[in-house]
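In order of appearance the chains are A, B, C, D and E, and numbering begins at 1 in each one.
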Amino acid sequence: MSYEEVIFYFVAAVTVLGALGVVVARNVVHSALFLILALLAVAGVFILLSAEFLAIVQILIYGGAVTILILFVMMLTRVRDMPQALDGPQRPFAALAAGAFLALSVLAAVSSDWPGETEKITVVPFRELGDALFRIWAVPFEVASLVLLVALIGAIILARSEEGE
Amino acid sequence: MELNLDWSLLTPEYILAGGAGMVVLLDLFWGRLRKDQLAYVAAAVALASALTALIWVNDDTNFANLIDIDNYTALFRVFFGLIGVFACLASARFVKDRLLHAGEYYGLILLSVLGANLMAAASELLTAYISLELLSFSLYVLTSYAKFDLRSNEGGLKYMLLGAFSSAIFLYGIGMIYGVSGSTRFSEIAASLSGDTAGFDMAMFLGLVLIIAGLGFKVAAVPFHMWTPDAYEGAPLPITALISALGKAAGFALFLKLFGQAFIPLVDDWRVFIAVLSAMTMALGNLVAIQQRNIKRLLAYSSIGQVGFLMMGIAALTPENADAASALVLHLVGYVISNLAVFVAIIIYYNWTGKEEISDFAGAAERAPYLALALSIGFFSLSGMPLFAGFATKFILFQAAAEQGLLWLSSIAVFFSFVSLYYYLIVIKEMYLGKPAEPTRFPTPWLEYGALTLLVAGVFLIGLYPQPVFDIVEEGAVAMMAVAEAAGTVTAPP
Amino acid sequence: MEEAWLIPALPAAAFVILLLFGKYLPRHGDWLAIGAIATSFVLFFFVLADLLDDMVGTEFDKALGQSGIEWVSFGDFELRLGFQVDQLAIVMLAVVTFITLMVLVYSTGYMKGDPRYGWYFAAISLFAAAMLTLVLADNFLLLYAAWEGVGFGSYLLIGFWHEKRSATEAAKKAFITTRIGDVGLLIGIILLWREAGTFDMSEIFEFAESGGYSSEYLTMAVLFLFAGAVGKSAQFPLHVWLPDAMEGPTPVSALIHAATMVVAGVYLVARLMPLFAAADPIALNVVTAIGLTTVMMSATMGLVATDIKRVIAYSTINSLGLMMVALGSLSVSAAMLYLFAHSFFKALLFLSAGSVIHATERQEVSELGGLARRMPVTAAVFAVGALSMAGIVPLAGFWAKDEILNVAGDSQNFVVYGFLMLSVFITALYMTRVVILTFLGEPRDREAHQHAHDAEPVMTLPLLLLAGLTVMAGFVVFDGVGEALGFPGGIGEFVFLEGPEAFHFPWDVAVLSTLSAVAGLAGGFYFWSGAAEPARRAGELFRPAYEILKRKFFMDDIYQWAIDRVVLAAGGVIAWFDRNVVNDTGVDGSARLGVFAGFGMKFLETGKLPNYALAIVTGVIVLAIVFMVVRV
Amino acid sequence: MDWVLFALIAIPVGAVLVFMLIPSRYPQLVRNVAVVSGFAMFVLSVLVFVKYEFGGGSGLRFDLQLDWLENVAFLGENGITYHLAVDGISAPMVLLTGIVIFAGVFISWNIDYRNKDYFVLLFLLVSGVFGVFLSLDLFFLFFFYEVAVLPMYLLIAVWGASSHFGTFTRTKEYAAMKLVLYLVGGSVLIFIGIIATFMEAGQGTFDLPVLGAVTYDENFQKAVFPLFALGFGILAGLWPFHTWSPDGHVAAPTAVSMLHAGVLMKLGAFGILRVAITLFPEGAEFWAPVLMTLGVTGALYGAVSAMAQRDLKYMVGYSSVSHMGFVLMGLATLTTIGVNGAVLQMFAHGVMTALMFAMVGAVYDQAHVRDMTLFGGLAQKTPRLAAFFAIAGLSSLGLPGLAGFVAEFHIFVGTFRAGYEWAGVLGILAAAITATYILRMLAMAFFGPFNERWAGLKEMRLGEQFGGALLIVFIVFMGVWPAPFIDRISESVEFILRV
Amino acid sequence: MIPIENFLVLSGILFSIGIYGVLARRNAVLIIMSVELMLQAVSINFIAFAVYLHPEQFTGLIFAIFVITIAAAEVGLALGIILRIFRNKGTANVDEVDMLKW
């Protein structure tokens, strides 16, 4: 077991732990914190995959923006004051379905005879990535900006208080 | 590899995006502009984009290997643009009377058309996905646009959350396919899948299933349809129309292209699955529709039923020819036009009465004979009755399915098409036999009636002489299937 | 003979004209109807002359008598509408044209003042046209058509006074009862056609004689055909309509229910004699048995009937039975002789009874009596008719009945013969009874008696003519008479099955039958003259038998029961079945199944978002698993 | 003369458009237009019948083929064409339609409630009927078939009448819904059959002559024939799928009942002949005994049910079931005679049942009840009505000299020739039962002592008299001189049966 | 050298946990968080495939970038809607948002 693998298993364990924390925590704020943990761990996975850029994006967007937003909304919606259980009645089915899906995905991952297993690129060149992003993938990029715009407009329109509210 | 980066190819999309911005700004800075006039501006923008798209008819090029500019694209650009026109026109009064933030409303409609355009045009999964999200996001927002209507909120929430969930599933599937084929381009996927896939069968099929689920969600195929009735009922009426027309049409444009180009080498594997889903969809949609009391919910279930029929076209795809594809697109066009006619009529009625239960339509024939007639025509067309679009298009579609050995599916489809007549008749009965709440006639809304008349004319055109429409549609379908052929994945018929 | 088609065509034309323009014509066009049938009667003589000209000795080539047109033709299927004149037809033509003429003339008096006077003549014309067509038809299709046509004419005329519930019911009963027989007739016709490929009678006869039909097949076919005759000629068990048919105007009874339509069955069987002869003897035995049963039943019922017309109706059934027995004995000439003679005296009886009814407006014998003093002419002619019916020399009835007894004695066993003799006695008995009760003794209804008088000349004249013929018609049995009239000989030399039969007269039969008849007469006088005490005592003595007869052997009750409890009940059951099982269960049920499926499925849509997500995941998992299972 | 067939379909469609343009405040104008176009259809249909030229072969005349949809997808040259022609079988049917609609216009004269909409739907229906009889393209045949069915819903549901019985009620809405769902349900099977046939033939066209020239695999024929036979059979009142018929006919307004029982039910039988038997002779042979059994059952069952009815219209409705049973028997014989008889019966039944419904309607319009036991002696008050009714009834019970006899005679003869003696016997029995219920009805309602309750009853309107007289003319004409019909019919029947 | 299967299995686990969260949780915010987990799994997949199997292009990496972007937008929009519901209805519990059904 190479040190790389050790690190991988550690990061993976943290990721899974964080993820599990998100879905089983009895406190919503804990959930959110677990989510941050999981996201950071995933950033670690990205680094292990030599995608440092992605890791940075991950930390910036998720760690910075998304989780803060989530915490805000939790505050605003006062989820902590909710007396009911956080889990719905179909939890057993959920577990079953998740388990089944896990089995399927693991089966798919393991049984497949993936080509070129060993030739992992060592580092993703930022330059080429940027070039591809803005040249080849310019259209999706612009559309993505429109998506963000729509999300923005939507969130503002829906969340903002109207006169007389 | 030299990329074609001729940005002028995307002119219709610029028009839409620019128009969207313009409408928002107009609303913001020109306070005296009446809200319904925004609708006409937006409609003009959509129309302009549709007309601009005509420039590239019979062209065959692409943008950066991401976006095909061919007849398929041209067809759908025009089609979606026109849907946008009608959506805007139908919204005019409704938005003015009942919704806030008109500018953004029309802007979002235009953006959704943009998303739809690119969905049909995309020849690559990432572009397709992003466009899909643009369309979906617009629809999420629009669905919850009636801010103070709890039903609208609820519809929006369900649509949004489930949409996000299904997006994730869709993405996971794309990931799998990307993994096994090494590309997100349809033609390359096809090329790689037509080789020996024995090594990664499991991943490939998991990916395929997840993609089916993701697209199935967008087009509302059983069992991924559950959001549909709630979102339809919750959304403001013109948005319900938009979801059912644009959302569905764009979903199928992508569905068809993806399965017609990328996954066509595996057609023998997935055909029966799509066929079974199709059968389930038409069964559930049409049977549950019988039970509905709310006209929007009824139409939601009826549209689920229609999805079942449309999916037959997917199931009948074959690398040998474009018959099923053109049949599917033809039926899609016919269905959308009929459905829009129905919705426009219902919107007009709703503008008068503010009611949307089936029982509220009692005596509509007395109070607004033309409306009742148009609505009946739309319903009959949806149920596949002759004279109207639905008959001719269903006939072709069912035949196309049968040609691929799916006679059983065609039979089921014919049967459920018959079942659908029953619940449409219930509404028609209410309109023609019910006692009106008040005997007075409604005032005539000329503009809306004009739009309605155009749609009804379209229903009749396709119903009575589909040759021109079919020729156009087939050009598109052939162009789409030709891409698969060019990629060398399509085996010539023995 | 080419003009033969005119004979039915004239009355038919008269019918059409009367129907469309009758009310604009003077006297509602009765003259037109009479004129048409009179012309037909005249034409009959021309046709007869032609026929006699074309006869070689006693033989006549039937092809000479045929004419017609193609009606329908395609492939190997051809329907000709053709007429044929032969000896058999000519006898019937004589009867039908003459009696119709008499009846129409009589009716101008009898029906005077009726609100539907014109319609009456139109209907009779229609009937006459149909009857004449029936007589002349050379093929089964036309025969069947005319057969139904006379039935319809009879329906119209029985129900002529349709304001009367009883008349309507009687008309309906007559039509439906005969129609039941016609089911057999049509089946028989088609069975014959199926093997022979033609509806032409002479071709079918040839086919049968050449052995084209197997014996069983032919027997079955002729028995089906005979069912038609049973219905039309009121044979047991379909005789029940005839007594009720007396609800029609009396001249109609004279025409249809005595002289013409009811003998169509006899005529049919006579026409088909070659087939009966070629078939298994069982067929003829059935004819005899049915005829004999009819004879005995009707004769006994005639004993107790109280309506003057019904008595005559029973006597008609009685006569028809006799003719059937004659045919059962393979003797066409005997049957036709009786038919010929019978038509005159039975028409006479009916018409004179009509005069009585016309004069008194009563028809129950219990309300009549002593009319001989008031209506001597009527009484006289009625008596002539009755005696003829009873078979008293030298009236026509005697000769005719004698012939039948003769052939029955020759070809049947003694039981048949015995019963026939018995029937002669009973016939004489009840004919005497009706004469006595109507014309003799004391009037039982003073008022009616007061107003009664002989009818006007237009009615009396036909009576006298018919009475004259009743006396003379029987003499056609004699060769000499026939030759004198231009025929090859007596009726036996003119109408026959295989070969002409010369007249012969076995004295034993004549004496025996005369004795029976006279005994009947005497018995009648014994029982019913004066206060009719013996009759009442006899009635009480044989109470059960009397009841049975009075109730017409319970036939009507049985039919009524069958209709109420079987036919209508079956209709009700099927209607219920249709409503509740086929419709409510089968149709609505399957519809409800669909609706219910929708009802069940709609609850899948719980409104809870996690459920929706679960559905999506479940869909994915199931699809994926199936995919993999299928692939692996 | 090609234009004749085109015009026959175009006239009702044109009339529909004209009706739509007429403001609803001019009901009289609507009626006038209806009469004029009805007369035009009548004249043209007579023209088609008279001008039909004999000459054997396929018997197709006035052939007219217009492109509609071709060279797309799986459709080849002439894929779907607007192909019209008349043959010896459709010629009498076209005539029948012309007669009944012309009479129907007069019968509908006093419909006041939204009479414009009424005529729109009625003429739409007629265009569909003509279309089915004239179409030689499977697609259009089906197209028009549905067009003919669809307007029924509103016609019944809006202008119809509900029936009340002691224990239950049959509402017009129920009847209308049942009728339409039933008939469209039947078309489901037809649709499937068409799809399968097109595929099996592989000619890339829906043109019937082309499809007819193909020899289909025997097993395929056996599988597909029942689809068509049952699908069309439902419209032809095939037992046990007949229950839409009495309920629907009873609930419908008079002219619609006339058209529906008189003409529309014929579409079903016509479809069986034109499509099922023509394309699949071996399938027909295989299924003929079943069809025969169902036909006989229907004939008997309908007759017995009719006997149990007290409602005049129900009686007529069930008699339709019974008579259509004869038609199916005739078809099942697969002999020239029997099929000829079936077509004759289609015509005969069409005319006489239209007459009966017209007369029931005339009574009902005034009396507002239809229970025959409530009447009595109406003949004294309304002799013409009684006479007309009686003529229709007599024709239906098979009185020689009227149309019904000719037809039934052929059917029975054909049945015997085809070797179904039992069926022939039962059929003849059913005809006898017909006499029972017809005469029973006449006796109850029209004869007997007059029921003073109806002292106010008047004779039919002149329009009704004219309509009735028109129908009677043809009943008598065909009864007395059927050769013009049979000559035309047999030519095509022989072709279809490949005799 | 870590085999690619490790990453794929990790991704599968993460995705399944996300599915569990979506199905089991009642609070809308928690559901959207679970969806985020699923999207993380997708990103891992894409990157792993890109760097292991198809390094010549960056499609997978680009895809991952877009996924992250869209995910962020999704959260924003979803939270906006959730907030709106909370304002109108006083709950963010999806089980209680079931006016629309059947």
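Definition applied: a residue touches a chain if its C-beta (ideal position, glycine included) is under 8 Å from a C-beta of that chain, and two chains touch if they have at least 3 such contacts.
Computed from a predicted structure; not experimentally measured.
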| item | value |
| --- | --- |
| Shared chain contacts [chain B and chain E, defined touch] | A, C |
| Per-chain CA centroid nearest to the all-protein CA mean | D |
| Farthest-lying chain, centroid of Cα atoms versus that of chain A | C |
| Chain pair, most C-beta pairs within the contact cut-off | A-E |
| Where chain A and chain D are represented by their mean Cα positions, the distance between them in whole Å | 69 |
| Where chain A and chain C are represented by their mean Cα positions, the distance between them in whole Å | 102 |
| Distance between the centres, which are taken as Cα means, of chain E and chain C, whole angstrom | 96 |
| Averaged-CA centre spacing for the pair chain E and chain D, given as whole angstrom | 64 |
| Residues of chain A touching at least two other chains | 88, 90, 93-94, 97, 101, 104-105, 107-109, 114-115, 137, 140, 144, 147, 150-151, 154, 157-158 |
| Two or more partner chains touched - positions in chain C | 602, 605, 607-611, 613-614, 617-618, 620, 624, 628 |
| Where chain E touches two or more other chains, by residue | 11, 15, 18-19, 22-26, 31-32, 48, 53, 57, 62, 66, 70, 73-74, 77, 81-82, 84, 94-95, 97-102 |
| Listing of all chain pairs that touch each other, if any do | A-B, A-C, A-E, B-C, B-D, B-E, C-D, C-E |
| For the chain E and chain B complex, residues of the former touching the latter | 11, 15, 18, 22, 28, 31-32, 35, 38-39, 41-42, 45-46, 48-49, 53-54, 57, 59-60, 62-63, 66-67, 70, 73-74, 77-78, 81-82, 84-85, 88-89, 94, 97-102 |
| In the complex, chain B residues that touch chain D | 321-323, 326-327, 380, 385-387, 391-392, 395-396, 398-400, 402-403, 407, 410-411, 414-415, 417-418, 421-422, 425, 428-429, 432-433, 465-467, 470-471, 474 |
| Chain B residues touching chain E - in the complex, by the definition given at the top | 126, 129-130, 133, 137, 140-141, 144, 147-148, 150-151, 153-158, 160-161, 164-165, 167-169, 171-172, 174-176, 178-179, 182-184, 229-230, 233-234, 291 |
| Residue ranges of chain A touching chain B (in the complex, touch as defined) | 104-105, 107-109, 111-115, 135-140, 143-144, 146-147, 149-151, 153-154, 157-158, 162 |
| Chain E residues touching chain C - in the complex, by the definition given at the top | 19, 22-26, 31, 94-95, 97-102 |
